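Okay, here's the structure, questions in a sec.
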Amino acid sequence: MMERKVVDPEYMFKRAPREKKFLIGNEAVAEAVKRANVDIAIAYPITPQSEATHIVGDIYAEGYIKDYYRGEDEFNVMSAIAGARMGGARTFTATSGPGTLRAFEMFPLWAGARLPVVCAFMCRGVNSPLTIQPDNIEIGWLMDTGMLIFHAENPQEFFDMTLQAYIVAEQPDVHIPIGVCVDGFFVTHTREIVEVTPEDEMLPPYDPSTSPVPIMDMEVPPIRQMRDPFVMKSNYISYNTHASWQQEVRAAGERAKKHIARYVGKFIEVTNPDAEILLIASGTAAAQARVAMEQAREKGMDVGLAKIRVIRPFPEDEVRELAENPRIIIVPEHNIVGWLAREIKSRIDNSGKVRGHPRVFGGMTMPPEFIMEEIVNGRAR
Amino acid sequence: MKKNIATISPGFEDIMPEEYQDLVNDGPYGRGLGIKNLGTFKELIEEHPLCAGCGLALAIRLTAASLPAPEDTIIVGTTGCNSILMPQLAIHNIHSLFGNQSSLAAGLKRALKLRYPDKNKDVVVMAGDGGIADIGLSPTLHTWLRRENLTTIMLDNESYSNTGGQESGMSCEGAVLNMAPTGKKFPKIPMPEIAKDSGCAYVATVSVANARRLGRMVKRAILVAREIGPTYLQIFVPCPTNYKFSTSETLKRAKEREKIMEYISSEAEKLIKEANI
Amino acid sequence: MKSSIRMSGLGGQGMVTAANLLGTAAVKDGKYSIVIPFFGAEKRLAPTESYLRISDEEVYEKGEAVYPNIIMVFHKDVIDKGKCYTMPFYEGLQSEGLLIINSANKVLIPEYDISKLRELKINIIYVSASKIAMEVAGTELATNMVMLGALIGVTEIVTLESMEKAITERFSGKTKFIASGTTAALDDVLKKKYTKAAQLIEKNMEAIRVAYTSTKNA
């Protein structure tokens, strides 16, 4: 293990020198974990996540992580992650599709218990029929758990957002979990140029004393903090506490916005905002949409692109503003339910201009030509 | 926990609740107390919202009074009757979800080992029979198989009492309960044997009617878990509500069906002898 | 220049490794590249493809190369047994594109498809890659190297110097290469075959050079 030094997060994200590597997404996220000063990593194997936590295991063997093991299943992995976070450790874990669903009960718990867990979701289709291929339907389900959701387009964003997620999640006025999502295979197994920060520089360690809820280590008096609790009681105060607690979790998400703006950057990256036809997309669909936009503009069509990088907290004001000008909004997605189109429609006034197509799911690629077809159809209307 | 952390800041004596003052002045933190001292100190539990005659509530009270280091113990519970009582213990405790208490405790224990390498932080899993032997069997076994330094205490009332008296894997064969309307079809899950085979260094069974022995077993189980590996203690806690007997008969019933068993690995034997407990 | 390449074959033939090497070499030449493997849960001999985009400008497009301008067929089953993710195997190939097939047998493609390919003005190159791999490297596992050599010979898509650097990096054992668990297992087979990493690298380069020279001069 090499000697390493703690550096300022903002320096690491914005000013640190970068070395060009040619990495798959799973390698990129592990490179991030190596620089994230993680105490404990726990995971359960599942395609297309597995290689990432294999490499994290190698990093542990080299001494960069203090504890690591393969758990018994995703539900219990996410439980152990919760326990480790309640004990004041910084953690890493990752899962995919069916694993996400098996673990699902833990995600609202992470949020409700105010645990700043960082979890990578390498999205994959879910059964049945059995598939291991890319499909991000799970993000649609994760959106309402109270977790914050970043959606990375490529291995570079996967690297950056994973590191940034720790710093945003651990802010005392946030302190809720963040899911860093990517589309399986299209990012996890795709090799691209990734610019990484120096290997000998790492994030500052997590400081448990900044937690807004007590760390479960018996170092603060338990008396009155846990007594006469509102848990499982049948009275007005109990119900009201549960209600306001849920609101507080959402409020923490809203408070995260300023930290996201500072550390992660733009919620939405916009090209040609005044275009007649605006493509709004996230993840891999944004990459395909960018190619389609370029093809369309070469043919003289007035097309723009808004890539949404942060799904929770949702950038409602920005989306409302963006939605005012274009005649048509096209939302290409890698899932059957169209969670992004649904989200946009529910936030803007004139939802009739939103076309939730194309939707590609079940493992297939979305050729930019599909999006092009929507653009051409849209113009004809 | 450093004892002075719990003390009351000057000027606040009047406004702090009475039971807090009692805990600070007369609580069990750092005093090495046990069952034999009951009645002479302020207990970790003052009241509970469970049924009259509840065997489980008494078992938690006795366990709390027997913790070798209450000032550095964290309890992980799970859904069930225990989860209604446990938050009222004056000790850090966690309601996980239903069935994941052992895996959560494993993560917690590992985190505390990293953060306090020179200090014992005892993590105790205390849950019902349904939580441990049915819905949580997988993580229970896996923490044992992985040799996690955890104490698992089952409060065995042989049913799902909180949800209305359904049959559990720990109910006896033939027991007629909700969801076993014609009698349970298979025998009680042999958890002590499973614990032994899965690597527990200390396995014991007792009933809530046997307070002193129970107290000693709690101390042994936690000490062995701290130094050697996983331990398992199964406490029989009859439930008058769902087994429909008089609330005054709980201890009598417990005594009648009590099975005392103690398995101690040779390594644990040595440790227990040295500690003289 | 923008190239979109689809490599189709059977698991174990090295399409994933070939695409990674080619992408790595392109990046070493100062270009942009995205490499994507596509395989099912099956292990060896199942349809496996990899997709590679190489360009002088930044590449965004991900996923399968649906409209490639180069297709490389590593196994005849791709053509006559439907062992690929598109049917027919050349579906989407752009006109005036390039098709490289690992086969000594030129009558492999049905008459109907041949006329289609002629309409599209496709340049079809046949290479006895598996045979050359056996002759030069002593193992069919070097088939992918021969295929790469043929491609570079026809297109000069990357320089041989960068390819050599990429191969050295990949097989020197100094950096851990991650593609899939099965790829790692096959790596071990190769390493057992050769006593030294240097020998493995040299044999691979030799396989590339033989195919490079023969297609370049053809």
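Order of writing sets the chain letters: A, B and C. Residues in each chain are counted from 1.
In this text, a residue touches a chain if its C-beta (ideal position, glycine included) is under 8 Å from a C-beta of that chain, and two chains touch if they have at least 3 such contacts.
This structure is a prediction, so every number in the text was calculated from the model and none was measured.
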**OP:** Show which chains lie in contact with chain A and also with chain C.
**Re:** none
Subject >> Chain with minimal offset from the mean of all protein Cα atoms >> reply: A
**OP:** Compute the centre of every chain as the mean of its C-alpha atoms, then state which one is farthest from the centre of chain B.
**Re:** C
**OP:** Could you grab the centroid distance between chain A and chain C? Build each centroid from C-alpha atoms only and quote it in angstrom.
**Re:** 34
Original post:
Approximately how many whole Å separate the CA-defined centres of chain B and chain C?
Top reply: 62
Subject >> Centroid distance [mean C-alpha coordinates] between chain B and chain A, Å >> reply: 38
Original post:
Quick one: in the complex, what on chain A touches chain B?
Top reply: 39-40, 42, 66-67, 69, 71-73, 75-77, 79-89, 91, 105-106, 109, 208, 214, 216-224, 226-229, 231-233
Subject >> Interfacial residue positions of chain C with respect to chain A in the complex >> reply: 20, 23-24, 27, 32-38, 40-41, 59-64, 66-67, 176, 178-181
Original post:
Along chain A, where are the residues that touch chain C in the complex?
Top reply: 20, 22, 24, 26-27, 47, 50-51, 54-55, 58, 130, 132, 134, 154, 183, 185-187, 189-193, 284, 287-288, 290-291, 364-369
Original post:
Along chain B, where are the residues that touch chain A in the complex?
Top reply: 1-2, 5-6, 17, 19-20, 23-24, 49, 71-74, 76, 83-84, 87-97, 100, 102-116, 121, 138-139, 142, 146
